[in-house]
Each structure stands twice: as structure tokens, then as C-alpha cells.
């Protein structure tokens, strides 16, 4: 299967969107602070331009400036011009801007869950676009909306028309937002991370839907993302941004295969590849043995029959010393429930969890507390994993203090741990808000290692970090594992990360284990249909980012 | 602009809902009858005029009930329901005959047996009635309109008891109602008086309504006090309860009410001098304000300390704080009230002026060791809220340690009845007011009762006073009675049984459209005419 | 939904039972007793004891409580100790005025406060916003009897536009009825307008940060429509909550306003009954208040489902 | 202002508990920058005026004896209800006491009532709220009790308590605080329920932290910002409730003057001597106003989301 995105016929007319030397600065700041400086690039109709960069690179601000949606009291466009089909948006009045929105340019946002008005049926919200911009009658509008719902492949369009947002899935809601944006056939579609919050399989459908509509309506698409996999999948041309500036612009093949700027090169090479690294099969003794674990959440109601939700069922897995077992699955597959059961943040309904022989599943009180030393957890969101009101040092030594280590001895150990995780020990006095996301995740790891646990559970530890930072944290984890021989239960939805880190991979779907085995075998020769679909859905899997060349066809 | 359209639509819907809801609150409303709207000194809640001595219930009694005898403006005893009464030569048998035309509100005529039952129930509760009962051999009906009272020894107390308008008044009720035990409130409000009580419209704490008793036959003599012809000139009288004094005055000024029984002294300037408002003291005899010691516990179980306290307090200060306007108060040392037959100034030097030096000397003499004096202070009744504050200040000035304990009137009434020591919920001193008419002679005055635990709160034990009271009851010669009364006053003040703090008169106010308002100890609503607004 | 309402109503029984028990205990421990009120000044202790026995106050507390519960189950709140009038009747007389004053104040407040809150949110940060918020904080801070007296002083006495006091039932014609409610409604509204305007403003501003507002703007919808259709609808739930709380408090009686304007409402009845230790009336009232409180909470919860489809029972 | 002796539910003022909105909390992370923001808000506009006025009131309360006041309790019936004159700057009341001195000394009682009610309400509310928030079993029972408590009108509680144990400052304080407690409990419970699912709390659990330390070190600090704000609202409504209770005759013993008492006694003479109500009334309203404004400033400083809207 070769690359199926051959470049579409380019009509040579003037580009739909021209951003010329745009600068955006913070309103009212004492010293002039630029959020974006001299941004220039173009998007032609029928073409997909991907704007890629890490968080804080100014990509979203640029998009909002085009739509004239910059938050008035905090940001303002201070220089340059934005021409949408030749008309400068920056100088257009509010009334004119409103007329342009949804008719000539439209935008789709990241969070489908909150993008729709929760108290109004979705059909009516799409209908509002027509009501604002067209003189069509009620019935005509309804037909147009139903037709649009059909064109975005939504089932039972009539039922969907009257449904409320909370009654639809994430993917369905994103389709509604897209229909809202494209119903009037705007010349320009701006998509700000439209699939980041979605599952891999849904993401694949949405990406192909955008491509399909782009071709049908010949719209110019400005696609903003931080995920290079997506870029490799759909981009015609790429703009790389960093700290508010354009680093490099070019055609997809040029940027991916021969990035000229060092920043771009670093960015592309940090993307972990889907092909797992060769590693020796782990041999140590079994440290964690989970047998028949199940967790059923039941809603207790005095009179009505309580609804029960089975989060996880018949989960069996074991981890050897020094082994990294990855649990992979889409949201709702029960992977974090398993993690929380193993660490006893949630009481499992049934099953055994033996840590070096002692069963933690049914332990309670003093017994449970003693066992907790042996297993620690690191969470996904670095910003909420450390108590903001206490010094970083106090957080790290909390475990040691709980089990009776004298304070200064604990602080000594903490300093050592900080060095292990690559931070300067003197930061021990500082507060969490003085650290970046990546640094905070290192602190969490230091805290988890303080009690020298046998098992470390990592619940999506890197998915909220930027790609470059992600790479450093994963490398750190690799070193720690090699040195301490700690066993790791690694929870993630990102197959690339799993491929790089895990020795064995367990695939879960709707609370049950679908497939398990060495990473090599599961990722390259999956036996189960679901695993195969999962791998196929991973964007950009044909490209070998580290080596800037397409993967040899398997 | 359409910013409003949304909220306007919702508010329009709101109004419709509001009007519909309120229509549901339809209440019956009386037609436009000639009505007097009056605000009395307190809200009417209890309806049994025998079980309670509260003045408002006595006023209610005079509206719907009638009495055998009455007292005219000069205080002389006159017949009312009784056509005549005859006294046997030995003065021991009184025969009363009812006048014709007396009917109960629900129709049947008044009979002698009704009077007998009513008098019996009255005597169980009334102080003077209790003394009377000790002297009564028998009461029996002669025929439907005559009955006889046979006494063990001659006394005129029977006449005073049946005619006096306060303390308890001897209201005559139907036999079936009068037979309710005197400690159980009556349930039926049927009388033979000039007004009928409209039970359906009675809303305790809001209003009480009286309608003219069309088939009431008034006496021929002109109305005077509780005697004479009770002629009613209006269709309805409504007593409305208004908790806020300021609002009452404003309502009177705005003509929303016709009559208010008590005008707060300090609000007088707002009503005096207005052409369409009459301000007048109807209750000419006025009130006595006084205080009482608790004789059971230190420090006031010691006579000298009692006297020290009496010397400390100055009547002028008390009356200035209570009334303020000199036109409505006067200092008076008489235990039975000034301007009454038994007025006397014996011992006035101890109670009227203040003599701090004497008080301190007495304290030293009595070796007062500073035991605190617990003074009870009710904050929610304006006419008794100021005395304790003034008394406390005066006692402290001469060296007493005083613990002024504030509470609401109900708690005070409860605490006052407790015989516990002051530290455990008891008290040492409390102050209240009395209608002069209720204390104008030794028999009716509860304030001078001194028979120990069975006496009024304070429980003084002075046998001499009780003996004098019995002598007073047995003699009917006025000069003898006056001498005895003076003697009682001397002992009462000497022993500190009660301490008068002076006399004050409460002005009433009504719109000039009302004429014929009688001078009397009780606000009567017969004889009153209401012209246009 | 009906099952939910039934369940909620059933849940009120224990709460009301508990409230009744607490109040019963407090009352019996409070000194001062109704017998003394009836007997007046000159009653001797013996007489007091007799009256108390008649009223059944001499029996142990729990017996009295069971007796009262027995009556309650039969729907009879008993007789007032003082005036022998059925408690149910006394309360019924007072519900009319309280409901009238409460409804009039709430409707007036909602009509004034919500637009005020919307404008304050719409013109956030400008002078208008500050003025509305300053007025609202001031509305909180002035005791109602000060506002009451001032209103009477100027409008009733001074200009004579309104009567000074009193309450006329609606049957006697709308104007005499509503004329007497205008001043007390104004006095009360200064407080409630302040409260509701403030919360309307804040809940709208909270909503303005939501993503769907940005989506609406991206659709080219006019700012005013974004405000009214999207923001206000979503802010309705917190606003409904505070209006509910306000309503419950107004119905349970605003004793000060009622005494200043002489409106025979439930508030005054509470104070009178407490000061006179009229136990059956107090107990009846407390049950009524807790019932009102719970019913209004239930009504507000059900209103939520109207405003927010996500909330389903 | 408590229109009916039943103070305005402070939680209604505080709309939603300041739970750490998941995912949107990166704003103000530590107390330090919150205080900086709070100091900035204090330096301008109404908040500054509020602080100055409060300083004046507290100053008056402390050095009342020095401000040319005479003994507030000394009665002189002869000089009743005098208009403001040289010796009596604000005239005299019904007992001839100097109104100016009583208003000055009155500030003491009102501040004590305000502060006392705020501290007591917050302390008790915090304790019950934490228990209700953390222990599932206790939650249902405690919250029903709180509902029941809220249904009892404040005025009944006040009169019952005042008459139960005499009209002392303490009983009035208790009577004012009790209706406030259910609201504090509801607020604290809300915060505890939302904080217990925060990752750093779960991390502490997995580190073997015992429950009391867990509550004190990780959960209770989150309740501090909303409690401080709610404390100001209780402070304000307590002063007003005391005035209402005195107005109805169930407040503090009239001897020692509080603004509520002065107004209650002056109520009858409003049209003759409006000063008796207006002087304490104005001072009371301004104090309550400044406390409320301070409360708003505090709330906005401590709640990052609202900060932007000032």
C-alpha cells in the first residue's frame, strides 16, 4: 500500500488565505510581549496546510486571529495582514467579520465534548448557521441540515437532529461541529487539533471525512496539530512554528525527509516509531501477578434498580522484575481501572493481586498500608499530581516520613533522587508552580521511587507532554528501569510510546483483555482483528520519523 | 433591541402566572358597614375573662358580657342587669332581681341560675371574690329572675365585688358556660352584652370583630362608667393588632384606624395639636408603677437592706424614664394610689425622694456583704422595660452589686413564679404596673398580700397586714376603713412588702369623627357615634 | 420522573420528623410557660399548676410528643394553647398575606434583577457593571426596617401615595390589595434584587468562558444572541437555585417587614407564638416551613430538568 | 441583609464552591501569588475604601474611651431624647444616655459578634463538612441534619436560646452562628468531595499517608480560600442578624450598647429622632458594605477563574 495522498490538482488562482507578517501581542502588558511575530504563509483552495508546533508555539493564536476571535481583553493583532480571498480580516469591522464567519471561513475546535451548547438540540445549533446567514425558510433549512448530517456519515439523521449533545459520542459531536462549519461551503476551513481528544479509530474516520469534504467543496484547510503522525497522514504542505515564530515552511516530503532547521529536525526525530526496539525477553522472578481481576461499578439506589457498569473483567497478567508491561486500549477500555485496582485506589470487586506473593486485593487497614510501599503510581496530569501548596522536597519525602524515616535522612535521599531524575537537588525548596510540565513529571517519578517500590504503575505518564519532553521522560524511565530493575505497568493509548517502552503489550477492549504477548509480536504480527484495526488507525505509520524516510512496505 | 425580547417574554409569562395565583387567594370581605377600627394596647388572644387578669380580655368581656352591678363615673355602685337589690335588716341576706328584656346572644332569656353559676366561677379566681366566699353561707335562686346571697356576717364586699370593673369583673355567662372549671378556658363566647363576638372572623394576633347586638335592651339612665344605658350607635367594632407603635400612629394620622387605646408617651408630639385627632386620658385614675422584693432570699430577706433600697430609688427618675412628659405622671407614695378614697402619704419620705446617704448608712448598718441583687428585666414590653434599668442604676450608686438580667416577658413571668434561690433561676427584685382601680383598697390589692408562700410573688410574711385586712373587710364604716387602710400602708412600707414608684396616666387618641367616648377605667365602645370621615 | 418525585417526598418524612423532634425538645427546655401567659399577673402557683395540668403540659415530654404525633397523623395540628383556635386555621389566615408578599417580591425581583444581572455581565468592567454591583452590595447591607421606615416616611406620610400599613385580601379588589403590598415589596426587593442580580451576573460570566460560546461566535452569531440564547439559557440553573432559596425565605416569613408594615404574615406568627410559648402553633409552623423549604427545593430541582436536558431523574 | 432574622445563605453569595476545577487549575498555583493579586486589588477603587473604613471602625472600637465619649451606660432620665448639642454630639436616647458614646462603644459589640460568628461558624462548619465529605456513611445522615437545621427559622432558635440561658453575648453568638453552619458544611463538603479525586491526593494515599494527615495536609488547605470568603459574608450577616434580633427584643441585653440595640430602642422614635436609627444604621451599613466588598475582593483573588473578571 503506497502513499495514497498524491497531490490534488492545484488551481493556480490566488491563495484563499494569505497571512503576511502577522504579529499578536498581549494587551496591557507593561513590557511588550509578543505571542506571535511576523507569521507569513498561504493556503490555496483544495490544499491542506498543516501548522505544527509544541504548546505555546502560537499556532492556535494565529488561527484565532484569522477568525477574529482573539479574546479582546488579553490579545490583539498588532501588525501585518490576513487576507481571506483578498479581503483583510484585521481591518474588517465586527459586522463584516460576522458575515464572513461560516460563509467564507469556518473553524473547528479541539474539545468536541464542550464545543456544543449542552441545552440545545444539535440540529437546531446547525440550523442557527443557516438562520443567521441565509433567508431560507424553516423547512428548506431543515432539509439542508439533514442533507449535511448525511454527508458527514451520521446514522439516523432525524434522531440525531433532535438529540442533545450529551446523548452523542465524541466522534459524532465532532461530525456535528464539522457540519456546522461546512454547511455553507466556506472557502477556508481552520481545524485546531480537531482529533487530539478522540480515540485513534475515531480520529482516522474524522481525518478521512475532512479530506473527503475538502475535495468535494475544494476548501482550503489549515490544520493545526502537535501530532506528527497526523501531519504525515494528511498534510500537503507544512508550517513549523516555535515560540511564536515560523521556523520552516515547505512541502510535506521536503520537511519530513530533509528538515533544514535543527528545531524541525529535533521535532521530527522525537516521534517514537511504531516498530518496537529489539530487547531481550525479561527473565526475573514474577513480581506482580494479577488473576481474575474484575471491577463492577454499581449505582446504589434505594428504590430504583441500580445501574451497573462493568469496568474490567477476567484480567490476568503478571510482571517480572525489570519488565515493562504496556496496557493499551481506547478510552473506556478499562486500562486505567486496572491500574487503579492494582494500586488499590479503587477496591476491586473480585480477583487476586499478588505483589511478591502477598495479595493486596482484599487487604485493609494496617496490612494494606504496609503493602503500599511495594507499589507506587505516577499520573497523567503533571499540573495536578503534586500538592501546589507544599515545597517539592516535602512532597518527595512524604512516603518516607509515613514509614518512619527521620526527616533529614529522608531529605538526603530526596536530593539523591532528584539527581537520578536529572534535576538540580537545590530545587528541593521550590514550589511546584515554578517547574515546567516535564520537570514536574520527573518530580513525580522521584516521589514514586522514594520508597524503592518493586512495581511502578504509570497511568498515561507522558500523553499530556510535548513530543520533545516526552522523549526525555521516556529515556529517563528506561535508565531507571535498567539501574533499579523496577517492574513497570505502563498504561497508554499511544501505540508509538508503547512500542518504544514496553517489553510485553496487553490490548484491552471494553474491560476485557483482547490480546497479550511480546511487543514485537503484538505490534508487527497482531493476531486479533481489533489489534490490527488499532494499529492501522495509528496515523503516519508508513513513515520512519527517526530516519527521515518512508518505512519499507511490510 | 432584542436583548430585551427574551427577558420580556419570560416576565410577561411571569405576570400572568402571578395574577392567576393571587386570584386563588380570594377571601371573604365584609360589606361597607359603619365600622370603628381600633388598635388596643395589646393583641387579644385569650377569650376567657375569668381565667386571666389581663386587661385586654377584661375589655373584651365588657364588649360581649353584662354585669349585675356597675360603677358610675364617680365610683358609686349602680344597678345594671339587676333591676334592684334588697338587703335584709340584719345585713346578711342580699336579694337581687334581674330587669326584664335580658336575652343571651343565641336567644334564650337570662335566668337567676346563670347569675349564680357565673358568680361562683368568678369568686374562685378573683382575690376579693375569694375573701367574699369565706363569708358566704349560701346562694340560691328564688325564681327565674331573683336570687339570694346569704352571708355568715354582714359585709358590703358583695356589692363592691359584683360592681368593680377590674382585677376580674363579675361577668354573667350562660349556666352551661359558667360551669366550666375556673382553670379551664371557656370554649363558647355567648354573652348578654351590647355587642356580639363574631367567632368566625376572630384571627388571634390579627383582629377581633364585634357586631352590634340588635336585640339588646339598654337601661334608660345615661351611660356613666360601667353603669347606665349601653346604647350602641355603630354596626361593627374591629380590634386590629399592630405590633409597631410608629405604624399605629401613622395609621391614625392617615385615617386608616379610628381609635388607639394607648399612645406611647414619646409619640405624643406627633398627634397633639392635630385638628382631626383628639388626645385624651380616658382612664382618669391612671396606673401605679411599683416594684416588689423577694423576701425569701438574701439580701432582701433583711428589712434594713430593703429600706436601703427604697431610699436609693427616686420616683422622679423612674417616671421621667417611663413617661417623660410631666403632664402624664405624678409622684405618689400612696400604696392604694393617689386620688382614691384610701390615699395616704404615710412613709412617703422613704419611697418618693431618694436619700443616698441614708441608704448607704443602712447598708453599713446591715453589714451588706455585696451579695448580688438579681433584677428581672423584660425587654419586649415597652411600659415595663425602663423601670429595672433606672432601679439598677440607683441601687448601684449607693453600693449594691446588681445583676440586671434581660429576657422576654414570658421568661420573666415564668422566672417570677419560681421560689428557687436567685442563683438557681430565682430573683431578688422585679417591677410591674397596676391599674389604680385594681389596687385602690387593701382587699382587692394583690400587691399588699403578705401571707407568706400563698401571697403574691415575693412571698412576704407579715401577719399584722393580714389581720388588718380581715378587720377592714368586716367593717363598713368609711372612717374606720380609712384608718385601717392607713395602718396597712404604714406596715407595708415599713416592711417593704411593695414599693410604689408613682402614678402615670395613659393618653388615648381617636379621630374627631368619633364622639361620645366615655371616661372610664375600661375603654367602652357603646355610646360612641361615628360621623363622616 | 414521578418515581423520583415520590422518592423525594418520602425522603422528606424523616427530615420533618427530625425537625419536629428538635423543635419539640427546644421548646420544652425553654423557660417560661403558656399557663403563666393565660393566668396573667395575679395567678397563684396553685392556679398555674391546674392550668398546666389541663393543657397536658405536666406529662413527660415524650408522652406529649407522641400525643402530638398522633394528632398530626390524623392531619390535626391541635389547638392553640392560648386562644383555643385550631392551629390549622391560624396558619391558613396567615398564608394568604405571606404568599402575596412573597410572590409579589419574587416576581418584582426577578423582573428587575435578571435584566440588571444580564446588563452587568454584558457590559462587564464598565461603569454600568460597577454601579450594579455597588448597588447590590449596598442592598445587602441596609437593615430592612431602615428601608421600611424611610419608604413609609416619604411615600406614605410625605406623598400619601400609599397607605401606611395593613393588608387587604385580593377579594376586596386588586388595587386596594396590591396598593398595600407595594411599599413592603420595595423594602424587601432591595435585598433580593441585589442577591439575584449578583448571581445572574456571575453565572453568566462563568458560562462565557465555555467552549460552545466560542463555537457560537465562530458561526457568526450576533453577540447579543450569543448572550441571550446561549449564555443566559445555560446560566439558568444557578439562577433558579437562588430564586428558589429566596422564595423559601420570603414565604417562611419576613418578620421585620411584616411588623413594620403590619402585614399579618407567617413571620409575625412565629415571633408571637415563640414569645407566648404557644407550643402547638410553633410546632405546626416549623413543620410548615420545613415542608415549604423541601417542596421549593424539589420544585427547583425539577425546574433544572427544564433548563438543562443533561439533568434527568 | 437578613430580611427575616434568617440570614442570607452565604453559599448563595459564593455561587459555587471553589473546587479546583479539574484541568483548568494551572492559574494561581500557590498562596503567594494569590496574596499578591489580592494586594493589587486592594490598592484600587472600592476595595481600598472598604479597607480604610474597616480600619476606622476597628480603631473606633479599640479607642472608644479616648474619642471624647462618656459612660455609655450612665442614664440621665432628665435629658431624654435631646437633639444633638455641644455636650451630646448625637443627642440622647430614651434613657438620656449619650448616643454618640453608645454608637462608639456599640462598634465593639458588633465587631465581636461579627468576628465571633464568622470564626465559630467556619470552625464548626469545617469540622462537620470534612467528616461529611470524607466518610460516605456519615454524609447522608449529616446532610439530612443540616437540611433540618436550615428549615428552622433563625429567629425561633435565637429566642429559644436567648431565653433558655439568658441574653448574654455568647448565647446571641451561638444563636446567630447555628443557621450559618449548614451553609459552611455544604461548602466544605463540596470542596472535599471534588478534591479527594485529585491526583495528588490519590498519590498521597498510595504513599501510605494516614487519613488525618491526608485530610489536614492535602484536603483542608483547599477549603481555606472559600472559607475565608464565606467568613466575610457570615461576618457581615451576623452584624445585621444581631440588629434584627435586638429589634425583635431577643438580642443582646440592652444595657451594653450594640448598633442593633440602639436601633431597636430608637425604633419607636423614628419620626421624632430619626438619628437614633440613622446614626448606628449608617455606620452598620457601611461596615457591612465594606466587609462584603472585601469578601468579593478576597474571593476574586483566591479564585483564579473569577480573577479575570474584575
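Every chain is named by a letter (A, B, C and D) in the order it is written, and numbering of its residues begins at 1.
The rule we apply is simple: a residue touches a chain if its C-beta (ideal position, glycine included) is under 8 Å from a C-beta of that chain, and two chains touch if they have at least 3 such contacts.
In this text the structure is predicted, and so the values were computed from the model without any measurement.
Colleague: Is the number of contacting C-beta pairs greater for C-D or for A-D?
Modeller: More C-beta contacts join the chains of C-D.
Colleague: Chain C to chain D: how many Å between their CA centres?
Modeller: Computed from C-alpha means, the inter-chain centre distance equals 21 Å.
Colleague: What whole-Å value do you get for the distance between chain A and chain B if each is reduced to the mean of its CA atoms?
Modeller: Distance between chain centres: 86 Å.
Colleague: So the centre of each chain is just the mean of its C-alpha atoms; given that, what is the distance between chain A and chain D in Å?
Modeller: 46
Colleague: State, to the nearest whole Å, the distance from the C-alpha centre of chain A to the C-alpha centre of chain C.
Modeller: 50
Colleague: Using the touch rule from the top of the page, what residues of chain B touch 2 or more other chains?
Modeller: Counting only residues that touch two or more other chains, chain B contributes 244, 246, 250, 380, 408, 410-411.
Colleague: Which residues does chain A have that touch at least 2 chains other than itself?
Modeller: In chain A, the residues touching two or more other chains are 73.
Colleague: Identify all positions of chain D at which a residue touches two or more other chains, and write them in rising order.
Modeller: 159, 163, 248-249, 267, 270-271
Colleague: Under the stated touch criterion, can you name all the chain pairs that qualify?
Modeller: The complete list of chain pairs in contact reads A-C, A-D, B-C, B-D, C-D.
Colleague: Which of the residues in chain C end up touching chain A in this complex?
Modeller: Those in contact with chain A are residues 3, 7, 125, 210-212, 214-223, 229-230, 233-234, 307-310.
Colleague: Which residues of chain C touch chain B in their complex?
Modeller: 30-33, 36-45, 47-48, 50-51, 54, 80, 82-85, 90, 93-94, 96, 99-100, 103-104, 107, 110-111, 114-115, 118, 122, 149, 152, 156-157, 160, 163-166, 168-172, 177, 224-225, 227-229, 232, 259-262, 264, 268-269, 272, 275-277
Colleague: Write out the stretch or stretches of chain A touching chain D in their complex.
Modeller: Of all residues in chain A, those touching chain D are 73, 343-345, 369, 372-373, 375-377, 379-381, 383-390, 395, 398-399, 402-403, 431-433, 444, 447, 451.
Colleague: Tell me, which parts of chain B touch chain D in their complex?
Modeller: 244-246, 249-250, 264, 266-267, 269-270, 316-318, 320-321, 324, 377, 379-380, 382, 385-386, 389-390, 393, 404-408, 410-411
Colleague: Report the residues of chain D in contact with chain C in the complex, numbered from low to high.
Modeller: For chain D paired with chain C, touching residues are 1, 3-6, 8-9, 12-13, 15-16, 45-46, 144-145, 147-153, 155-157, 159-160, 163-164, 236, 240, 243-244, 247-249, 263, 267, 270-271, 277-278, 281, 284-286, 288-289, 292-293, 296, 305-306, 309-310.
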